[in-house]
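Before anything else, here's the structure in question.
The chains carry the letters A, B and C, assigned in the order they are written, with residues numbered from 1 in each.
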Amino acid sequence: MTKKLLSVLSLLVVLALLVGACAAPAAAPAAPAAGAEAAATDAAPAEAATEAAADSAAPSGEPFRIALIMPSTTTDYSWSQSMYDGLMAVQAEMGGESALEIAVTENMFQVADAANAIRDYATDGYDLVIAHGAQYGTPLFEVAKDFPETSFAWGTTSNTGADEGLTNVFAYEPAAQEGGYLNGVAAALLSTKGVLGVIGPVEAGDAKLYINGFVDGVKATKPEAVVNVTYTGAFGDTALAAEAANTQIKAGADVLTGSAQQVVGAVQVAKDAGVFWFGSQSDQAPLAPDIVVMSQVYDWTQVIKEMIDSHNSGTLGGKVFTMTLNDGGQTTIYNDAATISAEQLSEIQTAVDAAAQGIMDGSIVPAK
Amino acid sequence: MNELFTLTAIVGILTSGIRLATPYLFASLGEMFAQRSGVVNLGTEGIMLMGAFSGYYTVLHTGNPWLGLGVALLTGALMGLLMAVISVTMQAEQGISGIGLSLFGLGLSSLLMKVLVGTPTGVTGFRPQRIPLLSDIPIVGEVFFDYSILTYLAFLLVPVTWFVLTRTTLGLKIRAVGQNPEAADSLGVSVTRVRYTTVILGGAMAGVAGASLSISILNIFQENMTNGMGYIAVALVYFGSWRPLGIMAGALLFSLVNALQLWIQVLGLPISPDFAVMLPYVLTIVVLALTARQIRQPAALTKPYERGQ
Amino acid sequence: MRRTVWLPRLLEALLPIAAVLLAFAIGALLLWGLGKNPLEAYWTLVSGAFGSVAGLTATLTKATPLMLVGLGICISFRGGVINIGGEGQLIIGALGATALGLALRSWPGWILLPLCLLAGAAAGAFWGGIAGVLKARLNVNEILSTVMLNAIAFQLMNWLLRGPLLDPVQRDAGTHIPQTEALPEQVWLLRLVPRTQLHAGIFLALALAVLVYFLLWRTTIGYRIRTVGLNPSAARYAGINVPSYVALSLILGGAFAGLAGAVEVAGLHHRMLEGMSGGYGFSGIVAALFGKLHPLGLIPASFFFGGLLVGADKMQRAIQVPSALITVVNGLVVMFVVASDLYVRRAKRRYSAEAAVRQSEEPAGLSAANRLDDAGVASDRSPSLP
């Protein structure tokens, strides 16, 4: 009997320890979270904030309410975080939570769960429900039919459901190949060996676009350069992505890039090997300030503001946002801390600016 | 195909494979002790995540990888204790308690990361340490003597665990408890104590396995970063038929084929990446199918023991 | 005497609930640590899962795949094999059903829908059968093979959804979102409540639960599967072909998981896409063991566990609790509920022992009834897994 008591007691001790470990520092949970948000807001480009956002607030004085459903987390350094950062930037610009209320649901990798979330947010009267993943389309259209007063948004896609008679769905589609092309141009200039490595998740969606664009950009700059591409077959296989980086480096790559949340491990490997990294989706410089030269960032602020304005002016959907260099949906963020010479940096910037100009005026069309 | 047989590729595959095998070795050798004494711990995945987080968090704040390793080991041991209480004392069905423990570890490590750290940043953990002289030998030096200390430690554990299991009293007790708990009990061996020891030991080693990712190989923590490695580690114990050498063979086979498939992709060989990624899983099954006839598992595996039952 | 019957039954019902409450109490501490009001949080959870039409239908929708996967788990585990390959079997089943539905899209629904569901079950059975044959013929441990087969199924899905099965619209648009074309409408399962996702698959799951109960306890095949699971050497001695029944357990387990995939596709998503499963293989195991590996026990167990998952999501939305906290509580619930089982079993043994002592003083008929009841209790014991 004492033994049993002992074991039950020890169980409780373990749990108390674990709970304590969590609860004690969590007493002031707002502090680190706020810090992270502040950092995220800093990271968001300021140049997009030119347009006065005060007129974006709902006319009644009630806050505009946006719900965001994401497949990953707000700190994944990629797809999900880029949208979250965008929302935070717009919120700060509009004057905080009193002007823009934001609700976030993370880790909705199961589509059926996301479907519940979409319907639930619509029922709760949110003005705009963003289902941040191409896999959410089917349930989104179902719910959108039932809530004609609510705006919905999803991507990557150009399908607003107009074929099915829907008028309250926005669609967004980053032209990731454009950013990929710019990174490719810069990476090719920086590579001395002429071997570059790409670490992708699954050969689909915006990762595929980004990688195709990257390869195209490299080839346009250095036709003789070799671009090796590896896929890990998943979005969260951090260990395999890191080993893929090792493999790329062994195979001669002196510049790496990649896509999806799993690249955080690969970036650390690149850091250890002193190999340059080009970020995509979110600003990845904080992961390794020495070696991340630049990041192609999805800048959602403009899209979000346009959706808010459109909703307030009575157009609840039907628009497709392509997110190109032209409309500011993709921006290049250079990392000042990267250890490259000033000449190299200016050479890169000149080439990237020229390529961006070419893409924007249509003289360069990156492969999709 | 010829590109695969260049020296660079072969050396690359060997080094990648050895490095990838590190976490599996720690976790599987630990799990082996638990299973040898009759407890299947499917919670390895969750323990690895907790070990990975606690090690990472410690290094983030102290900069001391050894301290991080110690904390990860302790955290793993605590998680093992939890598993032992539930599956040994409370005699719960082992498969489901392990799945529960995995969920618990996944949730708690993500929660702590979110609350205590927020956005992940890299740390400086164990660096690769070239062994003087030996690492200067051409090729051999590169393949065998240029890893972080944890990789050496993982492979060192193979003979150590073999010795403990086959040449010590503790090992004898573990095997006896796993084969025939009633008989062991009647000879005065405490089944409960032995199983607590093995499950806690296995937990500690799974914690170290997690740390080998977060403070040695990847030097960062990310939510759910093990991505199923814990389950593979459990599977490798079956592959190795509960023997350290067999487990090492399994871990190396799985990891080397994984390294091979990365090279296949890098070299642009005409195999779809999806099928390349499948390779290590398929080959592990095939190899076991060709060799598994003779394996006998511990007789009391998954069976809770209660005196006088 | 009456005490001996209802007390253990009551205990059996109450102890798991107490275990859940304990897990929630620890979760409450965590919530409090995060600065949330635990009572408000849990009220959101319960009302989110059961307190509205939306919640209730979501719970039932969630319970459907849990129940179908869980039925397969019941058969596998009763047959003594630890099938953790539900995830892969479900994916393969969904792929099979979708491929057939798209290939025969002009066929009428009354024949195509059953065909699709059968194709899903057959594909899942095939996937489970690989592990089954490997174990029966080549002694390959099923934990190893099912873990590996899950990963293989996942990559196979990646390949099919990017290439052969990719929606032509996606290919033409160049977006390459990994999903198939939508299935023709005649194979969509009926939606039961407007403006919700609840579909007729729930009836199929319920009917099959009853069927599996009959299969396991009222047929020779079921008897043999259970005998092999309880005591393989005795089964061998009794002339049962043990390897065949081991393989059959995995084949049937795979069939139900595959059917779950087909039902999810036909009822919910109307196409095959990434993210249609995401863990049902494991949550199905949890549901099955909550239901004491009994097909009828599985019905309330799936309902409860489905509600827990749905309510937890609601909690995340309503009061912005990190989803990780909910995973922690789920893990604790699972561990504590299985742990509480010990006391139920102990109590049962104690009462049946007392009953045995009193037997001599009782009329013969009563004690015979009592013995029958004990037999029923004993049959609830988990089989000896390998």
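One rule holds for everything that comes next: a contact is a pair of C-beta atoms (placed from the backbone, for glycine too) under 8 Å apart; a residue touches a chain by one contact, two chains touch by 3 or more.
Quick caveat, the model's predicted, so the values are computed rather than measured.
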Intersection of contact partners for subunit A and subunit C: B
Chain whose Cα centroid lies at the greatest distance from that of subunit C: A
For subunit A paired with subunit C, centre-to-centre distance based on mean C-alpha positions, whole Å: 35
Where subunit A and subunit B are represented by their mean Cα positions, the distance between them in whole Å: 33
Subunit B-subunit C separation of Cα centroids, rounded to whole Å: 28
Touching two or more other chains - residue numbers and ranges from subunit A: 15, 22, 26, 29, 202-203, 233-234
Touching two or more other chains - residues of subunit C: 30, 34, 155, 158, 162, 322
Set of subunit B residues in contact with two or more other chains: 82, 85-86, 90, 108, 111, 114-115, 223, 274, 277-278
Of subunit A, residues touching subunit C in the complex: 15, 19, 22-24, 26-27, 29-30, 67, 71, 103-107, 109-113, 115-117, 119-121, 123, 133-135, 138-139, 142, 146, 156-158, 173, 202-205, 208-209, 233-234, 368
Residues of subunit A defined as touching subunit B within the complex: 3-4, 7-8, 10-11, 14-15, 17-18, 21-22, 25-26, 29, 32-33, 35-36, 39-40, 73, 75-77, 197, 202-203, 228-234, 236-240, 242-244, 246-248, 250-252, 261-262, 264-265, 267-269, 271-272, 286-288
Parts of subunit B lying in touch with subunit A, wherever the complex brings them together: 8-9, 11-12, 15-16, 19-20, 23, 78, 81-82, 85-86, 89-90, 108, 111-112, 114-122, 127-128, 192, 213, 217-220, 222-227, 229, 258-259, 262-263, 265-268, 273-274, 277-278
Touching residues (chain side subunit C, partner subunit A) in the complex: 26, 29-30, 32-35, 54, 58, 61-62, 154-155, 158, 161-162, 173-179, 182, 195-197, 264, 268-271, 273-279, 309-310, 313-314, 316-317, 320, 322-323
Of subunit B, residues touching subunit C in the complex: 40, 42, 46, 82, 85-86, 90-93, 95-97, 99-108, 110-111, 114-115, 223, 228, 231-232, 234-236, 238-239, 272, 274-275, 277-278, 281-282, 284-285, 288-290, 292-295, 297, 301-303
